[in-house]
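Two complexes come next, and they have one chain in common, chain A, joined by chain B in the first and chain C in the second.
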Partner chain A sequence: MLSLLLQAAVDGILLGLIYTIMALGLSLILGVLGVINVAHSVFIMLGSFFALGLLTLLHLDPAVSFVLSVPVFFLAGAAVYRLLIQRVQRAPATIGILVLFGLMVVVETAGILLWTTDTRVITVGYSNLRLSAGPVTVNGARLVAGGLSLLATAAAYWFLKRTLTGRAVVAMADNRDAASVLGMDVDRLSMLIFGLGIAAAGAGGVAIGMTFPFAPQDHIQWLAWAFLIVIVGGLGRVESTLLGGLVIGLVQTLAGVLLPFSWVFLLMYLLLLVLLIVRGQGLAGARRREL
Partner chain B sequence: MTATAPELRVEGLEAGYYAGQSVLRGVDLRAAPGKLTVILGPNGAGKSTALRVLAGLLPPAAGRVLVDGHDITRVPAHGRARLGIAFLPQGRSVFAALTVHQNLELGGWILRRRRQDLDRALEAAYERYPKLRPLRDRPAGSLSGGQQRLVEIARMMIADPRLILIDEPSAGLAPNLTEEVYEELARLRVEGRTVLLVDQNVRAAVEVADYVFTLESGRNHLEGDRERFERELGALIRAWLRV
Partner chain C sequence: MRPALEPAGALGRLGQDLVRLRRRVWAPVGALVLAGLVALGLVSDDLALLDSLGVIFMYVVLTQAWNVLGGYGGYMNFGMAAFFGVGAYTTAVIGHSWPVSPVLATAAAGLASGLFALVVGIPTLRLRGAYFAIATLIVTFAVELVALNAPFTQGSLGIYLKVLPLSPLQTEQLFYFVFLGLMLAATVIVFLIERSHFGWALVAVREDENAAEVLGVRTTRVKILALLLGAVMAGIVGGIYSYRVLYIEPAGTFAIDTSLNVVLMAVLGGAGFWQGPLIGAPVVMAVGDVLRVAVASEVNRLIFGAILVAVALFAPNGVMGFLRGVRGRRFTI
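Take a look at the complex of A and B:
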């Protein structure tokens, strides 16, 4: 039993790292810009197909696609910000949610037309590799995906904490007017953070695609998971998302030891529901935690 | 001060927060170069709104903002910092999660590609406001109200602005700290910067002012130099408080 729990803990931590990068963009975009990006998960789905496409067309290892996804999805995110978000920024928040919901439906539908509703998997040399250390066995793909996710999360942390531009983002999240009168172009910084959030979603999608089967219509689960992580960990800060991701990864794998597989999903959704109620103001309650 | 102080002129300013609801209904102002000009008026007269327009945070519905004759009405807020214009907003505006030093560093955002100049400006700020030196690595949000105000002032001064807009600098401060704030305002004036001050603290503001405007219901009311207002102060305050 102990070795079973140890195995679940190791799996849970790796899963938690993947979940962290998967949810990081949602947390940053909500925490810094106050935008609830309900289209977040379609970029995760696109990330998975990005890796699959590069693998089938160019035989690129998904680890390479993970790195490539960052600039590609950054540009996509920046474009979405310019074309959609900036236009509705001064409108009530519900308008923004509706616009992003529309984007989600459009992208999902396009994905289904392009790739059908078939479930795909990404299989590379190390996908079924089993590395053993004592009583613990680790799946190769999960180890690579978890390691890359940790690196990307560390890079995001470094950017926000150690660079002047990162601190300008923190400043803008705190007081947009005070930041702009000091000379910070808050529209450009917002575009930057939206781009980075979508880049994290795309990279997260590559990591998810390396670990789980995926289909264009399956992304909603990741949206729910990402919200769960944001609510558990708190908003905006990278370390909060890491905490939330690890908690959810561990809860899921440990519950998997004790419960049948289908029950784990139910448990996670119940957790989301309970937390939204207990936290009172739901996401607004999470927002109150300082960046 | 290296550069000369600019003149600020405002002509026919109309502005508001909602369509069809003007807060300012045609206001003319002038802040003379190197002088301290004060805008007074009862609550809701449009004083703070005028400053928000001047800082570039609120686009006016009509009217022009001129600095040394150049029309800057359409220049966005972040672009005005580069023109040597600074704005100290009302209420708490430190970046709470960042340290005092990081706050000051962001005050020099427009100097960020000239690291040496920025470092020099930061050192000058600690010289000018020595009380901040021991607080350097404290999160700004953990400081007292007076200390936060000092951080905000120091942060504004990093870029060495020549035209300074200040909204209610002493609101919510203890009396001894209020005195320090007005000493600082007097110093800005001595240094030959153009200062435009909005204040509820009528007596203290008029004491440091060179010239005074009053607004009522979004329109110009009175204007004149300090001597004139020192005489009429009691009557003015009574009128605004409706006592």
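Take a look at the complex of A and C:
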């Protein structure tokens, strides 16, 4: 039993790291821009297919795709910001949500048209590799995905804490008008943070694709998970998201030891409802920013 | 909303006259259209036409249901399919297992959907704004998961219902008039809400929730009540829907198309106006019919999504916004 729990803990931590990068974009965009990106998970789905496409076309390892996905999805996110979000920035928040919902439907449906509704997996040399250390066995793909996610999360943390631009972003999250008065280009910073959020979603999608089967229409599950992580951890800070991601990864893995697979999912949804009741009022931003 | 639309002065008086004229137009036009629709239902034996119109009426009810919280309250519900689906599954499970009258089963469907709304609304509507929107998307997915895995829904196999003992024409006429009646009822309800304290409270929540709360509006209760009302309407429609199609399964019942259509119809017609769904639903269904002969259903959905983005960006007040000449903000949280 102890080794079973130890095994679950190791799996859960790796899963939590993957979940962190998957949810980071939702947390940052919501925390800094006050925009709840209901289209977040379609970019995760696109990230998974990005890795699959590069693997089948160019035989690129998903680890390489993970790195490549960051600039590609950053540009995509910046473009979405310029074309859609910036136009409705001054409008009431509801219009932005409508636009993002429309975007979600368009991208999801385009995904179905391009790749059908079939479920895919990414299989590489180390996908089924099992590395043993004492009583614990680790799956190769999960180890690689978890390690890359940790690196990406650390990079995001470093950017926001240690660079001037990152600190400007934090300042803007605190008070957008004051930041603007102090000479920060809030429009450019907003585009930057939206781009980074989508880049994290894309990279998270690559990591998700390495560890789970995926299909265009199933992305909402990751929206639910990302939302859950944001509620557990809190908004807008990398370390909060990491905490949330690790908690959810561990809870899911430990529940998986005790419950059949399909019920684990329902348990997570139940957890979401309970947490909204218990922790909802404490959600940083729910009251302060009046989203 | 209305007082702000009536400016003072000579020009204002002209404006007021125009507003009054427009208001006077609605009643006779509405009565005429309604009489025409009743006559058509009695006379016509065109099954396809009755079917298409019945679907439009059904969507008007769903869109009015959305309109209560979404249009007046400014809280976006992207999961109407979930409330509709809970209703559909309620009558399907009941009708499949027990010889209960469809009327009773449909009432149960409304009740089930209402209970479901409380489960969803109480945790999420205590929060401000957009959390509710994301939760409705997730809830739709979760309910579909339940329908796929629960023992009483027969999973992805779906449920068959018994065919009603009527001729094809009688069946079409029955559903035509049922949905026409529901459309009328839903529209009257929303019309009355627009003029009630409840409606004003919802608008206050939409325009400025802080101010509303300070002024004594019990915002959480008002929002939950609005969701509940819409959910009961959607549940009843869903309950009748399963008697109409006679076979339901999770993927189709909880399809995002239903939720998307409803949002698009409301926003295109004019969210927060009782006339909005009456305009939006026929327009969207007509576009859908044109597209359906030309392209696959996925392409259809893709185009609807793109239209929603365009409408939200360029005409967020919809057709009614143009008719009323509403400027500036309509959606605010």
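Everything that follows uses one rule, which is that the second predicted complex is superposed on the first by the 279 of 291 C-alpha atoms of A that agree within 3 Å, B and C clash if a C-alpha of one lies under 4 Å from a C-alpha of the other, contacts with A are read in each partner's own complex, and residues count from 1 in each chain.
Methods note: a residue touches a chain if its C-beta (ideal position, glycine included) is under 8 Å from a C-beta of that chain, and two chains touch if they have at least 3 such contacts.
Model, not experiment: these values are computed from the prediction.
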Clash or fit (per the criteria above) of chain B with chain C on chain A: fit
First (chain B), second (chain C), both or neither touched by A:Ile36: second
Touched chain A residues, chain B compared with chain C: C
Touching partner for A:Val181 - first (chain B), second (chain C), both, neither: first
First (chain B), second (chain C), both or neither touched by A:Ile13: neither
Touching partner for A:Ile112 - first (chain B), second (chain C), both, neither: second
First, second, both or neither for A:Val170, with chain B first and chain C second: first
Partner chain in contact with A:Leu143 - chain B first, chain C second, else both or neither: neither
Chain B and chain C, minimum CA distance [Å, superposed model]: 7
Footprint overlap on chain A, where chain B in one structure and chain C in the other make contact: 290-291
Footprint of chain C on chain A - complex, ascending: 36, 38, 84, 87-88, 91-95, 97-99, 101-106, 108-110, 112-113, 220-221, 223-224, 227, 262-263, 265-266, 269, 272-274, 276-277, 280-281, 283, 286-287, 290-291
Chain C to chain A touching residues, read off their complex: 74, 76, 78, 119, 122-124, 126-131, 133-135, 137-138, 140-142, 145-146, 149, 209-210, 256, 260, 263, 267, 298-299, 301-302, 304-309, 312-313, 316, 329-333
Interfacial residue positions of chain B with respect to chain A in the complex: 55-57, 76-78, 80-82, 86-87, 89, 93, 95-98, 102-103, 105-107, 109-110, 112, 141, 155-156, 159
Complex contact set, residues of chain A against chain B: 164, 167-168, 170-171, 174-175, 177-186, 290-291
